[in-house]
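Two complexes come next, and they have one chain in common, subunit A, joined by subunit B in the first and subunit C in the second.
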Partner chain A sequence: MANNSKGARALRKYLAKPEFSTLLILVAMLILAAFLQRNFFDAKPLNRTLNAFTPLILLAMGQAVVIISGGLDLSAGTALSLLTCVMTSVMHKANPETGLYAILAAFAVAIVIGVVNGIGMGYLRIPSVIATFATSYIWLGAALFLRPTPGGESVAWFKVFYDVKVYANAPPALKAFGAAVPSALTLVLVGCIFWFVLSRTRTGRYIYAVGSNNTSAYESGINTARIQLWACVINSVFIFLAALFFVGQNQSGDARMGDPLTLRAIAAAVVGGVALAGGRGSVFFALIGAVILSLVNKIIFFANIPYAYQTLVSGVIVIIAIASSQGYTLYSRKSMARRGKLA
Partner chain B sequence: MKVLEASGIRKCFGGVVALANGNFSCQAGRITGLLGANGSGKSTLSKIIAGVYRADAGEIRFLDRAVQYRNPNEARKAGIAMVFQNLSLVPDLRVWQNIVLGAETRRGPFLDDRQARRVSQEIVDQLLPGLDIHKLACELNPGEMQIVEIAKAISADPRLLILDEPTAALEKAEVKSLFRFMRSLAERGVAINFTSHRLWEVMEICDEVTIFRNGANVGSIDFAVDGRDPEKIVSCITGVAQKASAAKPARPPSPEIALKVEGLSYGDALKDISFELRKGEILGIGGLAGQGQHELLLALAGCYPGVDCLAEADGKRVRLNRPANAIRNSILLVPGDRELEGLFMKHSVFNNMIFPKLGLARQPVFTPRKQYWAECEAAIDLLSIKAHSLDMPVRALSGGNQQKIVVGRWLSFDAKVLLLADPAKGVDIGAKRDLYRYIADQVREKRVSVILYASDIEELVECCDRLLVMYEGQVIATLEGDDINEETIISTSMKVG
Partner chain C sequence: MNGTSIALSGFRRNADKQKKLIIAFLLIVFLFVLGQVAVSNFLSFGQVLLTIKLASFIALFGLCQMIVMVGGGDGLDLSVGYTATLTAVLTASIMNGQNANLGMALLVALAIGLLVGAANGFLAAYVKLPPLIVTLSMSLIVQGGINVYTAGADITGKPSPILQTIAAKSTGVFPNILVVLLVIAPIVMVVLSRTKWGLALLGAGTNETAAFLGGVRVKRVRFASFVISGLLASVIGLLLLGNMGLAFKDMGSNYVMPSIAAAVVGGVSMSGGEGNYFGVILGAIFLQTLTNLLVAIGWGDAGKWLGFGIVLFTLLIVYVSDRRVR
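Then we have the complex of A and B:
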């Protein structure tokens, strides 16, 4: 057979990967979105779309790190809410300096959140679902204590985390940069670079090892508890970035805003091909999963589906996306098996 | 030069004393064997030396210093590397990533992958040339996994290498090449500690052996001084003087056919296999490792839905497309891999023993617990399984005892055809003999038919009435009577002569 050359086999092997089916779904979604919203790829609507997607993208990437390490973080959403409340409680509108304090305070709280979750999962060996389910109420309680109702103050320059153009006093260099690269994109890129650098360290490799087989990793001399703690702290950094964006956008804090994002972020990671069993998947594909999941809502909105059915339809689309991605992978594996390459 | 000396080591797990008084030493450049029945404490001792467990009492001196390692990494850094009995590769990492795992070289804060790949390639080339180091660990076959495991231990440049049953998953040619490599390591001054249940391997490679029984070392044999006498070793292991091999009990061939298979094919793994299995017969499947033996058993158990064949059980047509169909016709598979397929590790011995009964059609609505409990106790006695209670989790038993449960529970069952996939994997010599004697008794008394696949040729020789030899998914020969001996099997399976 002509298509049995080495190159063709390598290509088939790549096509059989779950990553490829994720990309296929992304392209299909983009085409559909562009078809329904004719100006989808124009600069302004695209920027708006990106802004709407950013918090989920950041949370999904952080969640992916935890899932790959073999855990699951059910407290990510309330942790995000808590961080927004911390920021808006520290800041005073009149005093621009307080913005800096808010960033430091929120970052410190983010690290504490990661460490507490990590100690629960790694050192105390509480199943991650239970540990983070419990801590999610602690974060929620703390957030409600700081801010019983949405509100709070924010310094004006925090707007640069949302959109440089809305902040009139920005220095010219920043303005030029902001005009070229939207803030939301910058935050996502910071997250991507952060993970890219980390994935080339021992910690990055060990996160996969621990998630893939905890016992084996331990027997190889890896401090598995510490690696799980690191995964939680890395997740916290992503949550922190999302909090910056949210406060920049709304200029206020809200103890309830993050809740619905938790499960959506987990779903996004799964749509992106991250295995819930741990050890498999890519943080960058969790990003793509988040884009796919967000596009679903967008498509439903532009398809003029009655409001009452929107949630229902979005659920169905998510199931179809996951099923078709796994079905595709299964199909390619089988066709490879038929050609005599039993997996 | 003495590299390691352990004295008076004691270790308990819960209430069970795994090791009462372990004494062991090994010297640079020598290969020391560690022998003993399942649960005799040799694995425990190895793991204490390698830092997996901490001893409750006793002293370990390594290179003339008293040491107490808190984890395997500390031991590895100090120069003690261990290859574990249960494979410890990380399935989703590549071969080279696995080899350097835990000891990656770095450039600044980043991993030096080029160096890692070079080092891994060098080691793999010595052990198993032709293995692609870019494969994921989960894509390897058991033999390759074992080799990678050994490569990983060697990459740390150890002074003491502990090999705990490294050959269980290997075929004979691979074992030979591993032995050559072990010899060359020993010549470079590495002390090697080797555990295996196959006596011939120990006889061939070791310079001396230390023998364990019931949690204590009961003897030490230096081959150079005392000579290589297998019977002496066996009697030392079991504590009773025994003949090396029991004569095969003669079973008259039965004319009745229990299972007839014609033209069984599945993908490239199985090609046009036909055979007849008579009642009360043990039919062996032999050949080199990975020639489709395991797949054949799975296909007969109905695990491959697309399988293509004509099968008759007791003269009735059977479709082998679902495990439930096979079970309904009393064709039962005993999986060999206890970790993955055979046992519910976290459940109790009792639950694991009665589990096959629960699938029976005539199972009463409420489980007759008392009756089953008594049956289980009898079965455990019969198989001499060391469990202090039926309520303890299977995970807490030693590997060999777990295997006995896997096999034993199916044998207490009304089966017509039993498919045994490597039932004695990781089981010691004494237990192996018990196990096969039990199987033979069942075959004689209940007229059960057995299809047996074993990676150890000795087992096939001792048990089988007839033997199919497989090669690349085909049956290339059927051996009977006196033809079932080691030389004939090996020469046929390698297609020589």
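Then we have the complex of A and C:
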């Protein structure tokens, strides 16, 4: 008997986890999407779907790292825009090696972005939301300086970051690899492996510690400011990957393209069960959250809603997603506490 | 502690508050001098007056920010510009250039403000979501509403002459909108420092727990601050319409960032509990002067956002960063 109730309690505990509801929603969404688009799971449409989801997935994973560390990055979208503008300003179509310089320059800028945000919220202890709100305008201004209107040049081989098949001159080995694994998937996998390795390091575990209770983490000897700085820099790496994908796809830079992604990335992380209060959640579930949010958009697209309604609908979805996740967390914590009191 | 030292500490606290006003004022003077050196005719009487007139709308939106910021809880309202735009777009056709329709337009405006403000307040104060995220999503929704409306119908109509007189015209050389500002400012300060609600709001911002234990219903007070911000934003939308003479899709959204920056420059504490509306007005003038300067030397839009971002970030470092604790 006792054993049985123990098992039941364990099950109940698992069901109360936000992760469980996230997985449930994902399955429901996939079934619905497959129902609406009969060839959803065929190779080509699936690849196209993945391509459409990739920037949000990468940004949501980066955002999740910052949220878990107890912060929030409102500048992620404009940072992405700035990186695309940096890349397309450095590159010259005629000169293939400029692509390499572009990658180096954009990576350096990405690190600077992360460090500035990290110093703001970590060392100077400005509330992360307002600090990154301020820096988002710095990135926007810089991006507009480089590229007042969308455009710019990109070297042809940058297309491999989007789809190897599109680039005719790719080496055979890369072509074979690209045929087997889509570039978008590779980029997401790179991000996953990057975080998987990091989360096994001391820094990775400290990110959780700092996020769940900054003061006690500090008092147990963790350099909290440095950990927050690291979280921002890790986020920047994800943004950098997203920028590679975007430039590969569009062959141009755009100072305004990233704006709408910021809020959606935050919503995606929250849908994936990352607690806005910090310290709880998983970067991989933020990935799933991004997939769910993108699937919702896709389903709405199938419902033939007029273009004019898109902003409205996506705003409503974001707020419902965030509010319900927050409400669910508050509710389950309350009911857990009540049960704990009864037992 | 004897009387003198209490008075002295009170004076010091006061001096500390005045310091932010003085800094804002010095920043404005510095910009005007810089502008006069870089561009000729920057400091003429007409130019200064025009700057102040343009700044008055930033200052009005800054009032919304100040009210939600003072209540603490990382309060900020990013939806004000969009609420104003929606109001202007909808009421322009209602008014249709007639003073008789102003009452109806005002009613619609207040309804919009109430709706948006209440939604913001509920999600921020009761569901305890970060206000910045709530109001950012709300601006997406309101902008979506504007998109839907403008896709279905053209934006038509004109503001009523009364509104135009208040918002766009001048009495002699003195812009009427400035009179509005000068009337509002003391009222705001009295409401904040003398009424029960104002003190409750300040208390909630200064120390949430202490205020709650002292009988302040923190959630309700913060909810009310968002509702007031929404109502103000919609009325500002009417004034903006009066100033521009017609409504268009992005008329209010560009004021959001400057209004927050103006509040921070003006010394409104990001952590709540402190705010002087005269400071916000000075902050607005500072930002408008900065915009003028950047436009005059040909840096345009990019320079404006870059400059605003750097100014806001720098002042956050000076005012908000909290390195004393450890």
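The working rule: the second predicted complex is superposed on the first by the 293 of 343 C-alpha atoms of A that agree within 3 Å, B and C clash if a C-alpha of one lies under 4 Å from a C-alpha of the other, contacts with A are read in each partner's own complex, and residues count from 1 in each chain.
Quick note on the criterion: a residue touches a chain if its C-beta (ideal position, glycine included) is under 8 Å from a C-beta of that chain, and two chains touch if they have at least 3 such contacts.
None of the values given here were measured: they were computed from a predicted structure.
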Report task. Using the superposition described at the top, determine whether subunit B or subunit C touches more residues of subunit A. Result -> C
Report task. For A:226, decide between first (touching subunit B), second (touching subunit C), both and neither. Result -> neither
Query raised in the report: Regarding the shared-chain residue A:131, is it in contact with subunit B (first), subunit C (second), both, or neither?
Result: second
Requested in this report: May I ask you to decide whether A:279 touches subunit B, subunit C, both, or neither, giving the answer as first, second, both or neither?
Outcome: first
Report task. For A:256, decide between first (touching subunit B), second (touching subunit C), both and neither. Result -> neither
Query raised in the report: So, does A:266 touch the first partner subunit B, the second partner subunit C, both, or neither?
Result: second
Query raised in the report: In the superposed arrangement, does A:208 touch subunit B (first), subunit C (second), both or neither?
Result: first
Report task. Find the residues of subunit A that appear in the contact set with subunit B and again in the contact set with subunit C. Result -> 218
Requested in this report: Using the touch rule from the top, collect the residues of subunit C that touch subunit A in their complex.
Outcome: 74, 76, 123, 127-130, 132-134, 136-141, 143-145, 147-148, 150-152, 257, 260, 270-271, 301-310, 312-313, 316-317, 320-323, 326
Query - subunit A to subunit C touching residues, read off their complex - result: 72, 74, 120, 124-127, 129-131, 133-145, 148, 218, 260, 263, 266-267, 276, 306-316, 318-319, 322-323, 326-327, 330
Report summary line: subunit B residues touching subunit A in their complex are 52, 71-74, 76-77, 84, 87-93, 97, 101-104, 106, 109-111, 139, 152, 267-269
**Report entry** Contact footprint of subunit B on subunit A as seen in their complex
**Finding:** 200-202, 205, 208-209, 211-213, 215-223, 279-280, 337-338, 340, 342-343
